[in-house]
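The chains carry the letters A, B, C, D and E, assigned in the order they are written, with residues numbered from 1 in each.
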Amino acid sequence: MSIEAELASPGGRTRAAPAEASVALLRARRLAMTVLRPVAVFVPVFLFATFITFLLGAITGLSPAYVQLGDAATPQAVARLNHQWGLDEPFLVRYWNWFHALLQADLGKSWINGVPVSELIAQRMTVSLSAAGVALLIGIVFGALLGLLAAVTATSLLDRVITAFVSFISVLPPFVVGIALVAVLAVGLHLLPSAGYIPISAGVGPWLSHIIMPAIALSLDTVAAIARQLRTGLVGAYQENYVVGARVRGLGPRRIFFVHVLRNGAGPSLALLGLHFPNLLGGAVVTETIFALSGYGVFAAQSALHGDVPAVQGILVVSIVLVVGFNLVVNVLLNRIAPAAARGI
Amino acid sequence: GSSGTASKASSGPGGTLKWAVANAPASWDPVVDGSGFSFNYTALAYDSLTHTNEKGKAVPGLAESWKYNPDGTQVTFHLRSGLKFADGSALDAAAVKAYFQRAQTQTNSALVGEGIAPIESIDTPNRLDVVFNLSQPDYQIPLVVAQRVGQITSPKKTPAQLNASPDGAGPFKAVSVVPGSHATFVRNPNYWDAKNIRIAKVELYFNVDATTVVSGLQTGVYNFTDELSPSQVKAAKAAGLDVVLHPGFNANNLSVNRAIAPFDNPTVLEAVKYAINRDQIVKQVDFGYGTVATQPFPKGYIAYDPDHSDPYPYNPAKAKELLAKAGYPNGFSVPFVVSADTPENELLQAQLKAVGIDATLKVDTNWSTSFFAKKLPLSTYGTTGRDSPIQTLQAHFGAKGALNSSGIDGGDAYQAAIAKALATPLDSPDYQKNIQAATAAGLETTGLVFTDTVPNIFAKSTSVSDLPKIPAKITWTGVTIRGS
Amino acid sequence: MSDTVLAVDDLTVHNHLDDTPAVSGVSFELSAGEVLGIVGESGSGKTITCRALLGVLPDLFEVTGGAIRLLGRDVTSLTEREWTQLRGSRISAVFQDPASYLNPSIPVGKQLEEVLRVKNRLRRKDARAKAMELLAAVHIRDPEYVYQQFPHELSGGMLQRVLITTAIAPEPAILIADEATTALDVTVQAEIIDLLADLAERLGLALIVVSHDLAVVAQLCQQIIVLRGGLVVEQGATDQVLFSPRHEYTRLLLEEHHRFGLERFLTSTEPRP
Amino acid sequence: MTDIAPLLSVEGVDVHYGRGARRKQAIHAADFAIAPGEVVGLIGETGSGKSTLARAIIGLVRPEAGRIAFHEEDLTALTPAKWRAFRRTGVIQYVFQDPLRSLDPDMTLHDSVAEPLLIRGGLTRAQITEKVRRQFGKVLLDETLLSRLPGQVSGGQRQRAAIARALLTEPRLLILDEPVSALDSANRVQILELLHALAGPDVALLFISHDLGSVAGITDRVIVLYRGRIVEVDRTDSIINRPAHPYTKLLVGSAPTLTAGGSDRQWRDRLRAELGAA
Amino acid sequence: MLSRLVRLPSFWVAAVILLLVLLLGVFGDVLAPSNPLKGSSEVLAAPSLAHPLGTDYLGRDVLSRILAGSPVSVLGAIEVAGIALVVGSIPGLLSVYLGRAFEWLTLRIIDTLIALPFLVFAVAMTALLGNGINQAMLSVGILLAPVFYRVARAAALQVSSSPYVEAATLSGASASWVLRRHILPKVLAPLGISAAGAAGTGLVIVASLTFLGIGVQPPAPTWGGILASDLGYLDYQPYAPVFPIVLIVLTVLALNLLADVLRDASGQSGRVMLKKRALRRAAKKRRRSSAPIPQRAGELT
């Protein structure tokens, strides 16, 4: 005889669940929480970010006249150029025009060579995304490995060695790492080419051999952050009562680790990954210089130094879209694996 | 490397030239691109009416031959037959005429001051003959159109199109150009001298940082660079690279703008000239590869005036004295706007500081617009020279000369000397004398203080055969790349 | 007794952190359907005793003496693997603060289902169906809905029911309720106590009820152990401990209880309606 | 009700939380009064609105309807500045449930207890210290504890310090929100006895608890709150022995006693069913 | 807290390094043995008595240049942390008090700052606002502000919803009283921790910018700039980059160490740390004692 049959005593009443409750409604609310809420956060972020980006360009007071004519510009020539570029309109009108075009993937034209900015960025996108993507992968894989190892061996010698190593790599500036990598791996050991980029279409091997060093230089920061956070998260999760609860229910250590601890302990690391993604894109300025990659970072720096406002705005917008998109995915994921923890960006 | 070429002549063209370049051409339209050295990059895609040889003499290019009228006021270039642009359209006299008209009239033309001013009109009596009618006798034209001024562009393309991607009748044709990043060229089978082009593909990499170029060459990312700095020669040699000292007409100067106070005071200008210690520059910055320069070309060049070998020997005491005399006993402060942070600029700044001139260094990436607009009181410039010595002189001392930072003409004596030199046929016994006189006249008044000259230093992997030693030119004719 | 499910003999737990004994000299026997109460002030070692019985002592705590026989097996000889098998299916527990003993990121139903799949070796579909039945059996209305909810979305009483369900799902012989009702409202506490009593009665479940409230223990238990500072100060049948306490400390506890216990203010002496 | 003018009167008070879809009424038309010196209990299950009602009285949440008057002064009409001035008089004081969290962990007991006087101003530090010292004596705390941090004393001592702070301004009404539920039974008894001794003509107590036993021990009158509504108000003795509302009955019937055994399970089940239907 | 700090050896390591670096930062110019801008004919000389770290490509004394570059580098890092502190923590504190509109607005702005790719934005801002060190610091400072915003806000939120703040409010305390007496003391520690971390980040970023030639005009020396130019003469002085690198890494390491130490010693976690130490000691003792272990808890902790 099953126990529940015995338990269902006559006259026993059941606890009230919310009256309007329906499982379907609950599901719908959950879905809204996982998807709509992050979207509700990211839409204003996107709007703000584009606005700030545009504002930054506007307050510099730069104009195509400055870039193209320099000090030779006569007031008439400046006015003509400004009119030609639509810069004589009020700020908000310009913002609206820019934003409107932006939604159609039109980022304007470079003030320097008149090439559409979106074209210039597209030509460099693969380089930067390759480096950032591989760096992200390195960050996740090695960060997770180190973090896991440290957490599992917490307070042991190995844990302390890992922790010290992680502290050390987290303070190495990317240019130092880059220089050291070139000196050792490329020039010293002749293992890898020192610079340049080969598209993945020319073969995964050559592509990887060119991109791996910049990716490592970029990733150390992320490796350290993930390792640290994962260790803290896992050690913290192991101290939670639900682990005791799971043990008392007779679940095995492996199941406890993979189903219960990892899920909650890894949540903060995942959130951190979202926060570190902009660094992977942005940190490229230095590494690209050292590894002679013509990606985003160098393009941004040069455009900025030349006062090419549309190009700078374009790069920032594309980065923001990437970052916001990435974080959207991270947050949806986060909401799925650890819904208890409500998080913003 | 002609023997190497000959032995390999049987095998077809091959290999990829991976060329590390510091600065991309400002424009792929030679009319707009103003920089002397980047004509070597555009020359991949464009051919010019004439070429120069190892001795600096004009030899046939697109033009098979040329002929002056007796008084030197008209020159007729006879084109090769069957010339084609990379896009397949014909390169004929009309195309040449259109090009030169563009060079003379386009608002953003960088060639206006470059020796084409005497061309009054152009006639095209037939498809192959181009007649330049000159406003004065000018025997320099065949040299002027040797590269920088004579790279003929396809008339089918708008200036904007050319700006983005070149289209000429050169040895290679552009496949893709990514501004600020890289450009890819393949051998142009329509090139008139295609049989001597042994390289199948050229990849140009722009904005390569000087500190990474040697390791890049060493690990095979590149196999050629034209921008090795003297300080890196040691590293390049240690890495087993071929370091080539290529002849050129380079000369660096401190560009003092005598149109702007206080340099409009000749005494101040003179003080600056005494303040510069050329020996120190040569020793510290050029790592032994440079020599002192006091003129816009190196010693031994046809236009070099031996009488002006050192008109203002280094004398800081005298410089201070002159400054005091000019009313600046405590010196003065002046912006020193340059295109890049180089040791030479820092050293010049220190030398000026030593006599009391506080030159505030400012690196401005948009330096060129201000410089060519003659707005900078103090700057630096390095010329790579021109094929025509008079063109070089005019560029430095002529009112429209790009390098004349003050935009003030060299004066009547200078003008007369120039006219005389122009009118002297190149094979005349007076040619050298007249040119040197023009140089002397220009140096009298100029605000440009020449400092040093360094040959072009190339580095290449040993797989790239030797380049023809044509001064100031990078020519790929006959060059092979092994192992591909 | 033949149906003794748990026999503890002179159990001693050492606290290496402070290098003090945490619990010493606890002995008792428990048969099926019997209810044992453990009372004592905060820090007296009630929880440590329970965790020793479950083999889940905190770090730096260690059983250093005595014997625990669980269904006839001496637990000191158990490997960690065997412990894992035993826990849940033979002996289980519920605690105070039920929310923290459930994974906050997994719907409560899934956690119940997990136990059924691991311990009862049910397939996913069957486990789910069984989970629904069990939830209904502990008087949870609309189990379909509750199944989908996360721990933080449920009230304390509901959570305690869910936790009890996960504990009894594999049909263990022994259930330990460590302060399982302390944080709850009296009315809810009464419900949970009623539920536990029901389980003990109907399923023959041996219960260990831990509380610092004498009255809670009095309601459920046949035997009582009074702990103080890790030592057993008094042990015996409920009536004997509560109505003729032998130890000073027990009397003090009773006195405190009487001072503000509800009985004192109830005028009618007859049992309530 | 008492014939003298009430100290506190609560009339038709509604309190809401949240906005939009999450808007929810926590208190429905609460109506009651407390006479000077009276000891009133407020009981009800978790979430029934006990704290909300108390917080409405002291102005930590704003009622949407109704009137709360202290000595005929309408508190609901006070501006923020007037509220501050009113609070500085210290005539109403509040003691929180968790004594660890209601004392700043980085301030000594002395500083925490003295804070109301420091805020009010007008006294020298020496005078304040003297008052604090005397108050410590009244709540049976050793003076040596004055310089300790909350983390360095026991839970019972912390709660005494919190009561000392509340009494320092000589309040007319002291609201205690579950002051003993975080304490173990020995401490609980001591605090309850202290409160019992405290009650007198000068100070009225509003004692909030879900534990009938504690309430019964010290109050004169009890208010029963169920799902935001006051369902019963009566003398303590009547509430315990002759409860009228099913919830009150259930509450009384649920409290575990040493004697009852498990006998009245069915009765409780019936009451629950009755309540559920209501 | 201070008493806990001084018991930690890592605090002393960090403090000594930072003190030395700070001395460099304040007195770097004065300490420089020779004029950092004055060249000599001995270019790229190896270290010697006259030039302990050798000379650079213009014969300038490297030691003097590094010392003279310290103020910009070190004080720059401090300035960055200061700007971030002010720009971040004040809105962070106020976001708890100034109502929902302000809160929403500042939260979204902070989210935005986080979403901006850091170095790209810093480079863009610096270059577009006029290539100077102050522009660089300002932009880096603003970009680091979110850390402070979050820390200050979290602390203020936690404190302001705590009963002891309500108790003060109920005694008639004004917002400023609460801020002064209860909130500030609690946010100071976490803000200090963040400031140490931010100074480290700031140092690296300012060094990165100057490495790229952004933010400084030659010949003014900075650590990043010196490093960048050293790379051009590796074949003459392969050891040269070591000096600025060691300085940068050591300083950042010390700042991070300080942040860690502060975190360990402050508040709740300080107590936890001491407890952990006790645990470790106990574990050692347990390992030493050879008593049989019949039953152990915690397979994986």
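Going forward, contacts are C-beta pairs under 8 Å (C-beta built on N, C-alpha and C of every residue); 3 or more make two chains touch, one makes a residue touch a chain.
What you see is a predicted model, and the numbers here were worked out from it, not measured in a lab.
Student: Along touching chains only, what is the step distance from chain B to chain C?
Tutor: The distance in steps between these two chains is 2.
Student: Please indicate which chain is farthest from chain D, where distance is taken between mean Cα coordinates of the chains.
Tutor: Of all chains, B has its centre farthest from that of chain D.
Student: Decide which interface, A-B or C-D, involves more C-beta pairs in contact, and give its chain pair.
Tutor: Pair with the higher count of C-beta contacts: C-D.
Student: Round to the nearest whole Å and give the separation of the Cα centres of chain B and chain D.
Tutor: Computed from C-alpha means, the inter-chain centre distance equals 92 Å.
Student: With chain centres defined as C-alpha means, what is the inter-centre distance between chain A and chain C in Å?
Tutor: 47
Student: Find the geometric centre of each of chain C and chain E from their Cα atoms only, then give the gap between the two centres in Å, rounded to an integer.
Tutor: So the centre of chain C lies 51 Å away from the centre of chain E.
Student: Please output the residue numbers of chain E that touch at least 2 other chains, ranges allowed.
Tutor: In chain E, residues 131, 231, 279, 283, 299, 301 touch at least two other chains, as defined above.
Student: Note the residues in chain C that touch 2 or more other chains, in rising order.
Tutor: Where chain C meets two or more other chains at a single residue, that happens at 51, 56, 80, 198.
Student: For chain D, which residues count as touching chain E in their complex?
Tutor: Residues 58, 60, 84-88, 90, 93-94, 96, 98, 101-104, 106-107, 112, 115-116, 119-120, 162, 165, 169.
Student: Please give the residue numbers of chain E that touch chain A in the complex, ascending.
Tutor: Those in contact with chain A are residues 107-109, 111-112, 114-129, 131, 200, 204, 207-208, 211-212, 214, 224, 227, 231, 241, 245, 248-249, 252-253, 256-257, 260, 276, 279-280, 283, 299-301.
Student: Which residues of chain B touch chain E in the complex?
Tutor: Contacts found on chain B: 210-211, 229, 231-232, 234-235, 238, 280, 283-285, 341, 343, 345-347, 349-350, 353, 360-363.
Student: Flag every residue of chain A that touches chain E in the complex, lowest number first.
Tutor: These residues of chain A touch chain E: 41, 44-45, 48-49, 52, 56-57, 59-60, 62, 152, 154-155, 167-168, 170-176, 179, 235, 238-239, 253, 256-257, 275, 278-279, 281-286, 289, 296-297, 300-301, 303-305, 307, 309, 312, 315-316, 319-320, 323-324, 327, 344-345.
Student: In their shared complex, at which residues does chain A touch chain C?
Tutor: Chain A residues touching chain C: 2-9, 12-18, 21-23, 26-27, 30, 240-242, 244-253, 255, 259-260, 263-264, 267, 337-341.
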